[in-house]
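Input: structures, listed below.
In the two complexes below, chain A is the common chain; its partner is chain B in one and chain C in the other.
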Partner chain A sequence: MKKKYLVIIYSIAIFVFVVLYLSLNKNNVYTTQENIGKKISVIQLDYFDKPGEFNIQEISNFNFTLLNFWASWCGPCRKEHKYLVELSSNSNLKIIGVNFKDDKKNAMEFLKEMGNPFFILTKDPEGKKSVNFGIYGIPETILINKDLKILKKYVGPLSTKDVREIQRIVKK
Partner chain B sequence: MRILSFIIIQLFIITISYGNESKTYEILKNLRCLVCQGQTISDSNSDFALTIKEVVTEKVNEGLSRKEIYYFLSDKYGDWILFNTPLKKNSYFLWFMPYILFILGGAILYIVIKKRTEKIK
Partner chain C sequence: MLSSFGITVSTISLLLSLSLLYLSYYDLKLSNNKISKKIYKFAFSQILFTFLSFITLIIAYVISDFSLINVYENSHTTKPLFYKISGAWGNHEGSLLLWINILVLFSFLFLILNKDKNKNFKLYTIIFQNLLISSFLIFLLTNSNPFSLLYPTPTEGMGLNPILQDPALAIHPPLLYLGFVGSSIYFSIALAALITKVDSKSLALTIKPWVSVSWTFQTLGILVGSIWAYYELGWGGFWFWDPVENSSLMPWFLMTALLHSVLVLERRIGLYSWVIILSILTFTMSVVGTFLVRSGILNSVHTFANDPSRGLFILSFLALMVFSSIFIFFKHAPVENKNYKIFSKESFILINNWFMVFFLAVVLIGTLYPVFLDTLTGQKISVGPPYYNFILAPFLLPLLFLMTSGPKHKWISSNVIGIFNIALFTSIILFFLIFLSIKEGGLLLLLILLFSMYLITQTTFDFYETFKNKNINLSRIISHFGFGLLILSISLNQIFSVEKSFNVRLGDEKNFQNYTIKFNNLETFSKNNFKSVKGHFEIIDKKKITSQNLTPEIRVYNKPETITYEASINTKLFSDTYLTMSNISNTDVFNIKFQKKPFMNFIWFSVLLISFGGILQFSRFEKRA
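Coming up: the complex of A and B.
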């Protein structure tokens, strides 16, 4: 009888240990990687420097689209901008910028200074439309294909590794 | 008569706006601030929380139900944004484990007590 109890106690102890061990090894940094494979929300975004709206559905006209959320006040955006400029030369890829909660004058100065990699530039001055794309901080970048499917989502500034990955996907 | 209808309309508006406010508050209490340390959207004043507060208020005013708002947000940010984890295939274990442990514990206790009383007899 005592043996039975010991087996039960040991089993519970092992179970608790395994659960704790697995949760300790789990990456607790939140990302929205769950969105990969889903279709992007079809909404309208205001153009940055002209009246009218850009319909996300129009992305289906391009082979691949990179949707980049940025602002002039965001330090990491400045860091990743050179990579966007580099990617903008790729004929298979169109970059659409979403200027996030920014001052128009500052944003224009930013682009004048750092270069404009955006094929189409839109704005989300209140940040509410970006919720439709699962944005919770900037910079964030989403790679989308012709079928409006999310292929990759990069939270934080793009790195050289990310640029190579995008170039590899876009080449296919 | 005019005064009476005015009062009734005012009361109706107050009731609806109060209802919407408490519904919004209840929803915000069940949303996790993704950029804070364990805070709800309702408690946080981060930039992200302020945006979500505005979006939820708008959706409540548009007449969307709690379920629709939770679905919208979990579709965009994953179930992690909800404090109350929904019952799904990958959360069965989480939801049913307490009940399984409760039944298992009860069964063990029953067997032990039964054997002890038999011994005493």
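Coming up: the complex of A and C.
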């Protein structure tokens, strides 16, 4: 009798734990990963420190482009910044920064302190244009090829693993 | 500097905890009946070092040491000192350290306050408690370290979310943690009691004060959280059946059940296994709640950052805890014979337990069902107040009735007590007086009103009895009275609430029911860490010919940039007037929400009374011991 109860209780517990475990790996956050493989649409972004607009179409001049959304107020951006600086030495890759909902003075101080990896720096003070890229939080980084195709999307700060992956793709 | 010091101190705490495990296990085999002096010394050092680690973190916050990632991410130099301190536990890592501190505190208090108890019983309790402590310390040091170093050191921090900068919220986590983390000690005691075959009376006496203490703090923690939600979130409600609120309520149901069944166990054998199960379940539910909040599988106002590795640790810990406690329970559970009569006090207390377990099940299913459904079928649903109100409200009727008549019965006897008495008669008269003045509300709500009044009048009569008879349990009377008052106030609040939204421009005047709202002035100003737009409104009550000025605000904080809507609340004894304002972008129109919330003070006060009963219960125990 005792054993029967034990088996029933254990089975229920195992079921609950398995479901909870599965729910952990299930991302309940809205994602834009399905954009991978699609072509980027034509979007204009304001230059950070000069008048005029940068047309995303110009990316086709570079072999590979890394589009990085960042801000000085964002802690994880600070963490990943050293990786961007490291990647900026790669001649096959141009990094375009989008300064997201930021204060210009703070952003400049941030770059002065941490280094400037950006080939071109643009801004999106209201965060409205970034929506077109499927950005809802920063940092987020998008790897784009010559044909304007999105190869990879990194939500959250870049890790060492991500950096190696980017280097591998870019070298090819 | 503080980073490495903090890590060192926490590592020493872990080593001390592991040594305590070893020493206690070794001491079990010795035949003397006194616990070795060494264990006391180690336990004392353990609490010293654990407190020190927490104090180190608080100091890092006070001096704004941004070389700690944790301080950088959650604090700012311009923050008031009070919120710098409370910022230490306003985030995942810091609050985990608070968790550990409370585990250690309860472990230490148990050791020094139970000098006369059976030696092995105490040792096993210390062993189980230190298993919990060391697991959480490992979690802290490997996954969620509040002392992690940030290099290069930034000159300024990111600031604490402004809606968390509130006095009620500053004390909310410590109170709640004293409640549900405190329940760890009777989890350990229960397992130790099973293994060492402690008799029911001493189990009951050992557990009782801890249950009262944790229950009281849990009640106060829930109250403070609810007050914060009412004032700060600007929804005008006090309970939202948010999954995280539910996580604090679930252990509370079990603690309430335990509080009652321990009373039976103290006097009679028969509920031994049940009390053990409840003790194990209470702490299990607390960890389940922690899992739900920290793993990020739920979306709620308590947005701890989503990090699956945390969830995985807590889930593995939980699984280990649940499977081993079930195993220990089945291996050691004694066979019991039930010998109580149907109408005796024991049965009524047991009925209370069934109610609590039922409430727990309803809330647990409501909280977990969306998670399960999403995981298994991919369908997303949300379970809200209609579900809870629909299922729980009818059961309040028998609960209120039994809370009134149950305690009047005697132990072991089976005499049925007449239910038609002066208290019922008084409450029916009162009910009709109220009914004539409202003439609205559904049948169920009216019945709940009647039954809660019956409970209030009966407990008031009981209260007078205590002057004649000193043996009557005053804490029960106060808590039950508080519960009656709570349900009464909530029902009246439901019936009399007025809610109305408008779009207004400066200078507008709106009329509805008996009220006129005038939008007189709009003022903008900036303060240290925020800019504010403040509206000046005049609310005129045409029936009572009174007017009051309310000034809701829209604040834009700069660190981190956040917009908050500050409700303006005019609190009077019987009713709150509540006004919130939000802007509609690119227009000069504001959306205002006017609410009349009666009996809010009574709701807060009644919960205070409920927890006051818990404090009395504890002091009663102190006197007897």
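Everything below uses one rule, namely that the second predicted complex is superposed on the first by the 142 of 172 C-alpha atoms of A that agree within 3 Å, B and C clash if a C-alpha of one lies under 4 Å from a C-alpha of the other, contacts with A are read in each partner's own complex, and residues count from 1 in each chain.
Rule of thumb we're sticking to: a residue touches a chain if its C-beta (ideal position, glycine included) is under 8 Å from a C-beta of that chain, and two chains touch if they have at least 3 such contacts.
Keep in mind that what you see is a predicted model, and the values were worked out from it rather than measured.
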Per the contact definition in the header, classify A:Y21: touching chain B only (first), chain C only (second), both, or neither. second
With both complexes superposed on chain A, which partner does A:L6 reach: first (chain B), second (chain C), both or neither? second
Name the contact category of A:F119: first (chain B only), second (chain C only), both, or neither. neither
Quick check on the superposed pair: does A:G137 touch chain B, chain C, both, or neither? Answer first, second, both or neither. first
Quick one: is A:K128 in contact with chain B, with chain C, with both, or with neither? Answer first, second, both or neither. first
Please work out whether A:R78 is in contact with chain B alone, chain C alone, both, or neither, and reply first, second, both or neither. second
Note: overlapping chain A surface for chain B and chain C spans 101
Of chain C, residues touching chain A in the complex: 69, 72-73, 152, 154, 158, 291, 295-297, 299, 306, 308, 311-312, 315, 318-319, 322-323, 326, 330, 371-372, 374-376, 559-561
In the complex, chain A touches chain B at residues 1, 8, 30, 32, 34-35, 38, 41, 101, 126-128, 130-134, 136-137
Which residues of chain A touch chain C in their complex? 2, 5-6, 9-10, 13, 17, 19-26, 28-29, 73, 75, 78, 101, 113-114
Contacting residues of chain B [partner chain A, same complex]: 34-35, 47-48, 51-52, 54-55, 58, 73, 75-78, 80, 108, 115
